[in-house]
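For reference, the structures are reproduced in the following blocks.
Presented sequentially are two complexes of subunit A, the first with subunit B as partner and the second with subunit C.
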Partner chain A sequence: MSIVPAFPEVLRQILKKPVTNLFPARYLPKSITGFLNKVAAGEATINPPVALPPNFRGKITYDRDICIGCKLCVRVCPAHAIEFLPETKTVRIFVTQCIFCAQCNDVCPVTCLHMSDEFMLADTNRYSENLIVE
Partner chain B sequence: MIPMITAAVLGCIGIAVYGMFFGLVLQGVDRKWAARMQARYGPPLHQPFIDIAKLLCKDNIIPKNAVKSVFNAAPVIALAASITILLYLPIGSIMPVLGGWGDIILVIYLLTVPGLAMVAGGLASGSPYATVGSQREMVTMIAYELPLAIAVVAIAWRLNAAGVADPFSLVTLAQTPVWGLVGIPGIIGLLLLMLAIAWVTPAELSRVPCDTPEAETELCGGLLVEYSGKNLALFSLSGAVKMVAMATLTVVLFLPWNLTWFIPLTGAVGIVADLAFFVLKVLLVVFFSVSLIRVGMARFRINHLVTFYWGYITLIGFTGMILLVLDAVLGMGVVA
Partner chain C sequence: MSNKPVYTIPIGPIHPALKEPILFTFDIQGEVINAVDFAPGKVHRGVEWMGMRRNPVQIVHLCDRICGICGVSHTLAFARAVEQIAEIEVPERAHYVRSIIAEFERIQSHLLWAGVAAHELGFDTLFHLAWRVREEAMDVIEYLTGNRINYGIVQVGGVRRDFTEDQFPRIRKALETYEGLVNKLVTLFLEDTTIKLRCMNTGVLTEKDALELCTVGPTARASGLKMDVRADAPYAAYGDIDVKAILPDVYADCIKGDVYDRIVVRLFEVVDSVRIIRDLMDQMPAWPVLWETRYAKILSTCKKAEGEAIGRVEAPRGECFHYVRMNGSEAPQQWKVKASTYSNQMSWLKILQGEQIADIPIIVASIDPCMSCTDRVTVIRDGSPDVMTKDTLHRLSVEKTRRLQA
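Up next, the complex of A and B:
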């Protein structure tokens, strides 16, 4: 079958389970927001997204109780996404600015910064509560 | 005379609706199959309907330097011609509406009309891309007509040699499976002809690997580059109807069996059973000669396309024809 090498392969693939992950729903709903509202109301179920790989770098988390205010993360941040707050000696991280490099995680002497699994960060307001970590 | 005309008119309307509906369903099934072969889920089955509905809602944009009359007439002619083909083709055990007025030679000629309309529309749209596409479409048509004609003529000749009256009539073809009339060389010949027809189908429908005239990546859609809105919807519908016509033609030529020939069913039940069986056969044809070929291959370059059809497919067709002739000459199978 060297003339049409793809034929056996595609015929084999027709029997396999498709690899596409149908997120968030099997087919495009009439209205995405309507669908999400339905999901919130428990009337519809969302198809789960692809399982996250280990060491996934999602939205940053910050434990302000452990933080010693050393400003190392502010210095190391290549995107200048971290702001130091002198009055509380803590930091504020702007997630829209963050490039998810996790260098601050590595440099933090008390490991109060972590990358979470959360990645659904779309928002209309870049200063919304969800996108500023304090 | 009057009831006959009424029946014909009603039949035409019915066939038009059936052709468009079934064609779009076939396209949906084809997209689903293609998706599965590429390990995707694919769009919902009714996606072609959504697409057509969307196109029908949109405005027609006519380019400034287009020949307006031809540009607008081409899609209508293409769709009308595609539906006309269906009027001559039997559907399951339902005999063609205009079966008494035309034969398979007429069908072959009619099959070129949508293509010619597309060529005219492309040349009239005043775009260099469309012009190149039209020229390619003409070359493609020249390339695939010969194997198609060979297959049809060979089968009709063999039927004639077996003493079947009126071998070119579609009613005859649909009621006499040629497989039962031939010996071993004839069966090999018929298999070869079937292979040739299976390869002619994608060329006839301008699907991959023979979508050289449209060639999205090089010609931005070629023939159809300037078409939009309702005109494009008519062209898509014509393509869908043509898919039904080509698949039905293959079924009539090579798989004409009906369920009622084997299981004694009468009346409406028999007709429905035959229709279901017919749909199954059409789906089989579409799977092999549209979906599989289009997923498994890349687009031909125009010179490859001509070499492929004039060289290899015609050769396969000729071999099949010679085997059928030998079959009759050597007296194998049924000879009158």
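Up next, the complex of A and C:
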């Protein structure tokens, strides 16, 4: 046994591929937002993220046409992220408030709520169009 | 005692050597710590207050977020308390799912701690190694529940997601990985000269002190107290399998109650957790996993419930204790959370005494403190809080400018 048992392990590590996945770009761009804009414009490509597990809980999706306005989702939402709109008898979900528990998905009697795979949701404005689902 | 002067040194509330906000005040003579005091309450978030304005089905997900590491222990303790009050019978399989997740949580939490401990010793190589192998447990948890942390899997009356037969190979693969790693981890941590030098006979907590200070979990076991909620008051599926408290004598010849013993206990608990998960998987009963799939029914049952109960769970850091009182309304009338660090933190006063300044980080970390789980109050004396808010500072600043102008 060597005096420093970690040493052989470190040597082995040097030969291995790093486990860290470089995301969204392989090399740090000058500006991340600038890079993402380029991606949106189709001028650059994202270094793919690690694969999502099945049943991942990403940004919520909502099918307003089949919602019956039963308000059950509002009752079980732990984060008070769902607002009921009485005029249209539909709901509005604030994604910045949502904690991605998917409890509303389980409770909805007509399954009009689902969790998508989308997870790149960072924004400087918490009320931006992308972050309000209705 | 030498005639060196005594200095008072504060460490915290925010300090690079501490992982979470807490204020320590040390009386230091030369390099040696004469006395210690500490003031928790720096990360009080009002979790109980939020809970008492929500129904149990909502609170389970709030519980997930009491601690960033123990994503299932708090939820499990709370769910058990509510299930007792509402007399809900949890299906057998749900118990197994809960226990398996809880054991994976123990594995990842202990490896996280092992990494932090190595880091506090200045041994960053080991820190990175420990955190790399921890990823395997995180990946399995993510695969099974959908989330790496804040699993959102426990529900009042069972669990929200079942394990399917095709998921088992992935779990087995993770278990095999850890079984293959055990010897390596033990060698890397326990046979390392640096770790032995720094951890042996450091931060000693005697068995008597451990008992008198009501310590729990690995901190208590490292001092030789044979206690483990899983064995003493089995919950979930732990009654069906063989669990016993791991004491440091599984590796060392004698129990000293020092930092080294705490490493021993945690590493061998990882080994034991792997065995427990295997046992649980072998005897998993069949469907269902939720007492009632219609949430409206769960809600109305909880709403009708009256009474009080406690839920105890052996979290990775020790016993996690929830008290719930329901009085026939939507939200609980009272909800009290006692995290394991609450019981363990008083031992700091003993184990830090007489040690050197350089040992503070590792000794503080050795009980695996989790302050955000623990803090339930912030002390306000004579109407003036210890904590200055932005508004107060702003007001004081304006007042000073006015005074100078006058």
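The rule we apply is simple: the second predicted complex is superposed on the first by the 126 of 134 C-alpha atoms of A that agree within 3 Å, B and C clash if a C-alpha of one lies under 4 Å from a C-alpha of the other, contacts with A are read in each partner's own complex, and residues count from 1 in each chain.
Here is the rule we go by: a contact is a pair of C-beta atoms (placed from the backbone, for glycine too) under 8 Å apart; a residue touches a chain by one contact, two chains touch by 3 or more.
Only a predicted model underlies this, so the values are computations on that prediction, with no experimental measurement involved.
Of the two partner chains, neither subunit B nor subunit C is touched by A:Pro86. By the touch criterion stated above, A:Ala6 is placed in contact with subunit B and with subunit C alike. Of the two partner chains placed by the overlay, only subunit C lies in contact with A:Pro53; subunit B stays clear of it. With both structures placed on the common chain, the touch criterion links A:Gly42 to neither subunit B nor subunit C. When the shared chain is aligned, subunit C comes close enough to touch A:Val76, but subunit B does not. Of the two partners subunit B and subunit C, more subunit A residues are in touch with C.
Contacts of A:Pro18 after superposition on the shared chain: subunit B is touched, whereas subunit C is not. Overlap of the subunit B and subunit C interfaces on subunit A comprises residues 4, 6, 9-10, 13, 19.
For subunit A in complex with subunit C, the touching residues are 1, 3-6, 9-10, 13, 19, 53-57, 72, 75-79, 99-103, 106-107. Considering their complex, residues 54-55, 57-62, 64-65, 123, 125-126, 129, 132, 135, 142-143, 146-147, 150, 152, 160-161, 184, 187-188, 191-194, 295-296, 299 of subunit C touch subunit A. Taken in their complex, subunit B has these residues touching subunit A: 33, 35-41, 43-44, 292, 295-297. Residue ranges of subunit A in contact with subunit B, taken from their complex: 4, 6-7, 9-11, 13-14, 16, 18-20, 22, 26-27.
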